[in-house]
Structures are given as structure tokens and as C-alpha cells.
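Two complexes are shown next, each including chain A; its partner changes from chain B in the first to chain C in the second.
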Partner chain A sequence: MNRTLELVLALAGAALIVALAYAVPWLRFVLTIALAKGLAVLGILLLLRAGQVSFGHALYLALAAYLVAFGAALVPEALLLLPAAALLAGTVGLAVGLFVVRYREIFFGMLNLALSMVFYSVLEKFYSLTHGTDGIRLPPVRFAGQALEGDAAQWAVLALALVLALAFGALVRVALASPLGEALAGIKTRETRLEFMGVSAKRVLLSAYVASAVMAGCGGAIIALTTRHVTPALAYWTTSGELVFIAILGGAGSVVGPFLGAAAYELTRVYAAALVANAWQLVLGLVLLGVIVFAPGGLWGLIRGATQRKTA
Partner chain B sequence: MSVLLSARGLKIAFGGLKAADGIDLDVEEGEFLAIIGPNGAGKTTFINMTTGYLKPQAGEITFAGRPILGLSPRRIVGLGIARSFQLPQLFTEHSVEQNVALAVASREGVWSPLAPLLRPRYRDEARDLIARFGLSAIAETRADALNEGARKLADIAMAVALRPRLLLMDEPTSGVAAAGKMAVVETLARVLRDARVTAVFVEHDMEVVGRFADRVAVWGQGKIAALGTPEVVLNDPEVQRTVIGTVPAGGVHAAA
Partner chain C sequence: MAVTGRGAGTVSAGVSRREALVGAGAMGGLLLAGRSAQAQGAKSPEKPQEIKVGIATYLSGPASVFGVPGRQAAEMLFDEINAAGGIAGIKVRPIFVDEGPGVDHVVGEYRRLVQSEGVHLVFAAISSADCIACAPLADELKRPTLLWDCGTQRIFEDRRYDFAFRTQANATPEILSALLYLLKVKPDFKSLAVINQDYAWGRDSWDIFRTGMNALKPGVKVAAELFPRFGATDFSTEITRVLALRPDVVLTTSWGGDLDALIRQASDRKLFERATFVMPLAESSLQRVGKALPAGHIVGARGDHWFLHPTPQDPARLKKFSDGYRSRFGSYPIYPCFHMAQAVSAMKAGIEKAVAAKGGGWPTDAEMAAAFKGLEFPSPTSSVRIREDGQGLENQIIGTTLHADAYPFPVLTDMLVFPAESVTTPVGQKSADWLKTLTPDMVAKLPQTVAYKPA
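Up next is the complex of A and B:
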């Protein structure tokens, strides 16, 4: 039943995004960002399955975004920049992962945070290369050889984000039900048993970690392509915190959760900023508080609960 | 019969307590060896040393002729030694079926992210094993909702699913309701004999030991105080005094 609900929600969500982006042009940008962050949060969800929280995944978001920004000057092709960014994020994720998967819980979270802040400092301090907090502006980028302008370029990035979201969503959905995915969930409840069954818990967690880095990398590349301007703020700890915030908001019970959470987050932010310009963080804080107290399963949990009551 | 597991001169102490003080013990291929002894004697420590969880301060353990001390628990499982636990170690948020299927998958390698855990082959094998342990009715119950006896059996089923050559069980029947205990032991013995598994088990219930064990080792003060068939060892007055305390009237008889 979950499976059907997830599929329906995913397809309905995709249709809704396209309809909204068509009807309200300025929402196109907001929804693209939401999908990009949803991708990164999908990676966070993998780690949450193992009971681990990373407070440093903005590292991979920013790495990928800067690769796109630097790479666009050399190879201005989105369909090459995106896989290159994902590959870089995955490679760095493997190197960092080999180190951090030895740790659990607060140590895992804080090590990720520390490493992401090191990268933030590098971006901020090496002014001659990165232009510090001013960031880097992207030159025009082609899509499959086509030089797109204005609306067409926005639609292309949105379509790219949507395809990636659906593809990674389906992939993670399948992987979580596989022996590897269930072993990952086993790390949360009985890690030692895995070892006594001949399974390396570290390697299981490492595979999830690398996958999460790749997904964050895809998200970062999309963000760079759609904002056309990358700054060190992408690597700052608040960005990492935002990803965890969205994961809790959306709910870790389903691959739909991260995208529900990201859409709700971005829309709340936009409307709260318009409504109470100086207190939008307050509104977000109250929303999160409400979710934790009244809907610990997140938005996904609320929707599933509602449909179960109806069918019961 | 050939020796499958061999321990020589094992020594380990925790603070002042000598859990093993020169242990020599051979486990024959195909036998069921019970280890009995007072609480805190070092019986579980022996299992922990054999499975790579603890390293003795001195001594040697060989499995099928190969030294295994210093190998990780994971490597030792790969060689064919599985264990169950005194306190069942289940994946509490998974069902019994998923727990056992994950053990089956572990044996085959978990690195297949695209096919489900409960694919027909794994699910059928898990269900078959669950049925043989009499747990079919609770196959889809979450492990954290089981009673102690069922948790214990599921824990052993997971170890059996690894198809080990040697199975080490830490008090397999503690927590199993007294009324059904012997039935459980019979089932377990049948499953293990069918799979030709050599078994070492730590046990406090002398009736279980008498029925189930081919040989009994008495662990006392870091030494093997006695070793032999259940009829001989369990009727030894010294063993009765120090380990068993009281015995059922008429002594202890081996299973037919």
C-alpha cells in the first residue's frame, strides 16, 4: 500500500510542479531549488536509516556547485557538468567516508560538520581563486548543445531536476528494500549482529555515505545551474542544518518525504519572507516545532496516516 | 572423528578474575558439546574468544587446522563459525522473517542493492527455517514485540541460516518456557543434525544437557574441571556438588 501511495504521490507531485511552474512563472525557480535540496535530503535519509545524522552534507552540495561554476568556463555543457559534479562529490564522499564511517551518532555528525566548515573556510579565504564571499557568477551554459535563454533555460534546469528526483527517488526506494538497505537499517538497531553475520557495517554505511554524497552533488549542481551564482554560503553549516531540517519536516519513512519537505520548506520560506519579512526564520522554527510535536513522521507520516484512516 | 575446533593454553583474566587459566579443549566434528559451570566462570568468554570478540592473553585456537586468534568476528564467520547470544541480538525494527532473511542474505553477500531482501529464494529459505523452529505464526511480528523464548529461537535461527560448520550457542534455552523447552531442544537438535552442524553450547539446565549433549565440559575456576559423556560427568559427585547443586531423582540419563 505504501508503494502505491508513494508512486501516486511522486507522479502527482511531479505533475503539480510542472503545472505550478507553468501557471506561476516565478515559482519555477523556487521549485527547482526545492527539487535540488530534496535530492540532497534523499541522501540524508539514507544516513538516517542507519540512525546517523550528518551536519556537514553542504560540503558535497558546495563542492558540486563550485565544480559547475569553475567547469562552466571550460566546458559550458550542463549535461557534462552535472555528472562531473556528481563524480567529484562521490569521490570526495568516498575519501571522507572512509574516515567518518568509523564513528557514530554525535561524533559522526560533528566530524561531518567540521570537514564542511574546513571547506567553507577554503572557499572564503582563497579570494584570488574563489572571490571569497562574493562568489562566482556562471557563464551561460548549454543544454545538450543548445544555447538556451531565459524561460527556456529555466525550464531545462527544472526538467533536469525533476528527472533526477524521480530517478534517484525510485533507485533509493528499491535499494532500501534490498539486503543492503535492510542491513543499513540494521546498523541503527543491532550493528554488532551484522558483524557476527559476516557483514561489515562500516562498508554498508560507507556505500550509503557515498550515495548520499553523489545525491547532494547532483543537488548542488542543479542549484548552481539555476541560481547562476555560487557563494561559500552553500558550504556553511546552516545549509547542512537546513538539509536535516527538511529531512525531519518531510519525514524519513519514505523517499517522497525529502521532496515534500523541501517543497514545504521553500514555499514556507518564500511566503513567510513576503508576509513577515524580518521573522521568516521564526515561522520556519514554529513549523518545525509543530512537526516534531504533532507529526513525528513528518509530512509523509501525516499523508500516510490520512490515507490509512480512509481505507481502514 | 576429527577435531574441528581446538583450544590450547587459553588464558584471559578480567581484573583479578581468571576466566580462563590454561584451557585445553577439543571439539570433535559433528558432536554436540555442552559447557556447564557456575555463573561467571568464563563459559561465555570462551565463546567470545572463539568468535573473535575477545582476545586471550595467551594460548591458541585453531579451527579446521587453521589458527583463528586475531581474526575479526567477520572473518571468523566467513570460515564457518556462527554464534547465538545469551541476550538475543535481533534487528528490533525488523520482522522475524526479515531478520532471518537478512542472515540468509549475509551468507550470500548483501551487496545487491537492486533486488529486494524478501526475494523468493531468500524468503522461502527464511520461512522454511522459521517453520522448523516453530515460529511461523509470528514470522511477520516485529522482533521487539516477541517474548523472550521466541527472541531466543529467532536468534538461533539467524545463526543457523549462516550455514556454519560450527555453531556456538550461549544458553540456548534460557527464557524458553519450561513447558515447551524439551520440544524446542528436540527441534534444535534435529535442525542441527540435518545440517550436520557441530555445536558447542553453554547451558544451565542439566536436563537439556543430558538429552542434547554428546559430551559435557565442566568449566570451573578457569580450568576444564571434567570432560566426558553426560552420564559420567553429570553423575560425578564432585560436579554435582560444585556445579549442579541438586539433580533430579534417579540421576541424569542420556537421550536414547
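Up next is the complex of A and C:
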């Protein structure tokens, strides 16, 4: 039941995104950003399964974005920059993960937060390299050797984001149903039992952590390719908070949740900003309060509730 | 407000994704409507019903100390234009967007303004990062864009744009004129300390000041380079350090709450009695800090912006602007208000020029953009010319604080108005290289200062 619903929702969502991006050109940019953030949140979802909240995944977002920004000057090829960014995020994720998976809950969250803020400071302080808060402008990037401009380039990034979202979504769906996914849930319920069964909780969490870093890296690379301007704000704690926020909004029950949440978050934000330029934060806050109070399972929880009622 | 917000919350919580997205799509369609009617880019587009102007400014966050006065000035000036019948007989309407959430958001909003709202012009932005991101977008989306307040000199020194123009100066003349003023009024200083905010502007402005100082007065000892955190509220460490080092001059290019706090704390600890402060942005803080800022310190205004400008081109124009702003918003206009006035004035002059060139017809986006190249337009205090590279040539005013009975805050005396050409990097040169070619005789050629005259 869940499975077909997810599949239908994912495909319908993808089709809807393409249709919206075609009908309303300026939403193309917003939706690409939403997909990129959705990718990063998908990684956070893996960690949420284990009951761990990372307040520092903006680190991997920014790391990848800056790699793309610096790399684009040397190798202006999106299809090379993206895997390179994912690889870098994964490698750093492994190094950081070795330390942070020893900790749980608030300590896990705070350590991640601290490390991402260290990176934020590095980006700001190494002024002659990074131009500090002014950020770096990306030169034009080619896609599979094609020099695309304007609309075509935007479509290419959106397509890339969509493919990545579907692929990682499917992968995480499979992973969650596998022994690894069950072990992650085991960390949340009772870690000692997991160890009694001969499964190393640290190793399980580490693999989830590295995977989440890679996904955040892909998200960061997409953000850099879309906005074509990267600033240290990408590594700031509010960006990490935003990701956790989207995870709650979308709901942690399904791989569709992060993308639902990201789309709802970004669309609410832009429409709120368009309607009330000086009070959009209030609208966003009320929407989120509404979700927390009336739909603790997030948007996904709402949809599943509705379909179950229909079939019952 | 609360009622609609509440309604939006419950609606979102109660609908499915598809319904929400379809709803959003329908909403997008609504916003999109009206755009298709304007044949932008066509050979001879129809005259629009109204001229829509997208304005990026800070409505939230620390920089709203500039953004909100900028928006207020825009509201006042747009009302004035409409009361006088609009531009070329067409009414103007501003659409404000918030820079607060960062570059990602502003880039998205820029696209929305152009592709959905169908604005004819964009004013972007206060943040340098936003300007750097928006200038290439202007060329990509082919929409005339006026950079109305951002400081970085990188934009037109690194690249040329066909659709982006700056209606004000940049960091180089703003900082260089403060340095020249210091060299004129206090030529024998030996050491200097700097307390700047730790972000791009703080670093960039210190770079400009130091490069200029090394060329114009080599051998000054830099006692300390202090970069407190952006948004810091406590400067006791920095003040203690500077009190101990006893430099002759303290430079700070800080602004907003940071500068207010630094001034108040430095005043409490008598630092102003030990060293001369050079504060190129302090004009925007004067009314907030009041007489906590003692007399005898050097203040700049990022241009020739001062409601008591000693030699305005048209005194009646300046008086109308200052008095109009003060009667509507309760304070004297500060430099972002003047920058906004310049952008509005440039818009009016540019559109009128383009319409006249077309014999009364409405210009295409490219024709309108071309009108801004070489355009000279009036500012509240004098006039500004946009050079061939897109950079505006704006005079600079620097003065020394004075406590006058007529005002509850310090006013400027011994004011010096620097002609724009004398302090702006020439076309095609980079500021960092040009500043190195300056020679000390530049100081001798400066005009005389003008003292404060009570009204």
C-alpha cells in the first residue's frame, strides 16, 4: 500500500514539477532549489531513522557548493563537478563521521553544528580566497560538453536535480527496507540489543552518516549550479536548521516526505514574500506551527492518513 | 494580518500535496497573468498601463537600518512622481522584496519580479553579494537594473554589463575621500588602529584605506587591526586594546548597531579623547547615538549626502527632500534615502530620455538600458553621471562632528566636498592598482573646507 502510494506520489510529483516549471518560468528556479534541499533532507531522514538529529549538515551543502564554485574555474563541466562534489562531501563525511557517530542525541547534533560553524568561519576568514561574505560567482558551466545558456541551462539543472532526487529516493527507499534500515531503527529503540545481535551500531550509523553527507553534497552542488553564486551563508547554522525544519514539515515516514516538505517550504516562502514582503517570516512561522500542531506526522502523515481513510 | 496568516496555516495543513501544488500553480498563473500582455523585447512595445519597479532592500535583519529608510524614501518619491502625473504620463509602482534571507532568496525574487510581475526596472540591492549575483542576471534576463546602494567596487571593475548600472559611487571613492580628509586636517598622525566588522565590507574597506595610505603617506604605523564579529554588541576588548596602544587615529567603517554600540562604549571609556576617529559611514548613526559622539571626529556619508549640505546645487530641492522626509517619517534622511533618491531620479531621467529618443513611443528593454549609459541626472544635493562602464560618478562629503544647540545630535563642520572624478578609479582600471599610483601632492590640491553655518 505504502509502496504504490510512494511510487505514484513520486512520479506524479515529478510530472507536476516539470509542468509547473514549464507553465511558470520563475518557479523553475524555486523548484530546483527545493529539490536540492530535498536531497539534503533525504540524508537527514536516514539519521532521523536512528533518532539522531544533525544540526550541521549545511557543512556538506556548503563544502560541495564551494567545490563547484572553485572547480568551475578549472573544469567547467557540471557532470564532472557534481560527482566530485559528492565525493568530497562523502570523504569529509567519513572523516567527521568517525568522530561524531560516537555521540548520540544532543551531543551528536551540537558537534555537527560546531563543525559546520567552523567551516563557516573558515569561509569568512580566508577572505583573499573566498571573498568572504560577498561570495564567489560561478563562471558558465557546460553540461556533457554542451555550453547551455539561459533557459536551457536552467532546464538542465532541474533535470539533473530531478534525476538525482528520484534515484536517491529509490535508493534510500530500498536501504530503509534492508537490514541496514532496520538496524538504524534499532539504534533509536534500543542500541544495546543491536550490539547483542552482533551488529555494530557505530558502523551502521557511520554508513548512514556518509550517505547523508553525499546526498547533502549533491544538494549543495545543485544549489551552486542554480544560483551560480555561493556565499558562506550556506554553511551557517540557520541553513542546517532549515533542513531539519523541512524534515519535520515533510514528515519522516517516507522518502517522499523530504521533497514534499522542501517544495512546501520554498513555495510558502516565495508566495509569502510576494504577498507580504515585510512579514513573510510570520506567515512561514504560522504555517509551520500549523503543521506541528495539527499534523505531527508532517505532510506525508496527512496524505497517508487521507488515503488510509479512503481505503478503510 | 494575524487572521490571514492563521487562515493560510490551516489551509496548508489540511490539503494534500497535489492540491497544494495545483493551488500554488493556479496562484502562479494568476501572478503570471498580465505578463503575457506586455510584448517585452518586441520592436515597438505598447505603452504600459503603469511602470512597475522591483526594489530589493533589507526589510529584515541588521541591515534594515538602511533598508527601511530606503523603502520609506522610495514610497515618498514614487508618490511625488505620481502626484505630478507619472513618468512620460505613466504612473509608477514600486514592488519591494526583502534581501534579509540571503542571496538564494534574492536571486529567486529577481526572477519572480522579471518573469512573473513583469517589472520594467529593478533596483538591486543593498548587499554587495546580492548586487554581484543580480548584475549578471540583469544581462541574462535583459531587464534594466539599477544598483542603488551596494558598496563593492568589484562589479564594474571585473566585468561589463549592458543592463546593469550603478546610480551611486562605490567603496573606493567613499573610503579614499575619508583618507584624504584625514590627511588634510590631521596631516601629522603617526599611528592608526582599525576596528572593522568581520565580513567582506570591513575587510575590503580596510584594504582600500591601507593601500591609499601607503601611497599618500608611507610609514604610518598600523598599531592594531581588529575585526570584531559582525553583529557584535560588546567592544570592551577592542577598546581596552586601543586604549593601551594609544594610536593617533582609529578607523572604523562599521555601521548600524555595531557602530552605535562601539561609539557609545568608546565614549563611556573616553577613547574619543585619546584618538581621532575616522568613521566613513557614521552619518547614518548620528541621529541614533546623539551627543554620545563627541565633537572633533571625522564622519562620512557614502556620497555627498547631508541634509545640511553646505553647497547644494539647488537648495530648494534639498530642502524639499529633507523636509518632506522628516515630516512624513519623523527623522532626517540618511544616506540610503539619498541613494534611493538618486536611483529614482536616474529612472525618471533614463525613461524620459529613452521615450524622447523613440519620438514619444515606449522603448524596448534594450533601448531603455542604453539610455542609462552616459546619463546625467539630478540628485538631492548635486548631480550624478553614469560612466560608460556603468559606474556612477558621485561626489563625496566628509566633515568633522560639532555639537550645535539646534540639533539633538552632532552636525558636520569643516565639510569638504570631493568632486567625483578626483576620487573615482578611472574607467578600465582596478582600484587596487590605481590607489598605488596616487601621490602625496593630491592632498595639497584639495579644496577648502566649509564650516557649519547655523540656519
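The rule we apply is simple: the second predicted complex is superposed on the first by the 312 of 312 C-alpha atoms of A that agree within 3 Å, B and C clash if a C-alpha of one lies under 4 Å from a C-alpha of the other, contacts with A are read in each partner's own complex, and residues count from 1 in each chain.
Here, contacts are C-beta pairs under 8 Å (C-beta built on N, C-alpha and C of every residue); 3 or more make two chains touch, one makes a residue touch a chain.
Remember, predicted model here, so these are calculated numbers, not experimental data.
S.K.: I'd like to know which partner A:127 touches here: chain B for first, chain C for second, both or neither.
M.R.: Touch partner of A:127: chain C, not chain B.
S.K.: For A:263 in the superposed arrangement: first (chain B), second (chain C), both or neither?
M.R.: In the superposition, A:263 touches chain C alone.
S.K.: Report for A:296: first if it touches chain B alone, second if chain C alone, otherwise both or neither.
M.R.: Touch status of A:296: no partner.
S.K.: Going by the touch definition up top, name the partner, chain B or chain C, that contacts more of chain A.
M.R.: Of chain B and chain C, more residues of chain A lie in contact with C.
S.K.: Regarding the shared-chain residue A:200, is it in contact with chain B (first), chain C (second), both, or neither?
M.R.: first
S.K.: Look at A:192 in the shared chain and tell me whether it touches chain B only, chain C only, both, or neither; answer first, second, both or neither.
M.R.: So A:192 only meets chain B here.
S.K.: Answer with first, second, both or neither: which of chain B and chain C does A:182 touch in the superposed model?
M.R.: first
S.K.: Of the partners chain B and chain C, which touch A:174 in the superposed model: first, second, both, neither?
M.R.: First partner only.
S.K.: Find the residues of chain A that appear in the contact set with chain B and again in the contact set with chain C.
M.R.: In chain A, nothing is touched by chain B and also by chain C.
S.K.: Looking at the complex, which residues from chain A come into contact with chain C?
M.R.: Within the complex, chain A touches chain C at residues 9, 12-13, 16, 19-20, 23-27, 29-30, 33, 124-125, 127, 131-135, 137, 149-150, 223, 227-229, 231, 233, 260, 263-264, 267-274, 276-283, 286-287, 289-291, 294-295, 299, 302-303, 306.
S.K.: For chain B, which residues are in contact with chain A within the complex?
M.R.: Touching chain A from chain B are residues 51, 72-74, 77-78, 82-83, 89-94, 98, 102-103, 105-107, 110-118, 122, 158, 162.
S.K.: Which bits of chain C are touching chain A when the two form their complex?
M.R.: The contact residues of chain C facing chain A are 1, 5-6, 8-10, 12-14, 16-18, 20-22, 24-25, 27-29, 31-32, 59-60, 95-98, 101-105, 107-109, 111-112, 114-116, 128-129, 132-133, 136, 140, 152, 154, 198-200, 203-204, 230.
S.K.: Can you tell me which positions in chain A touch chain B when the two form their complex?
M.R.: Interface residues on chain A, with respect to chain B: 174-175, 177-183, 185-186, 188-190, 192-200, 204, 207.
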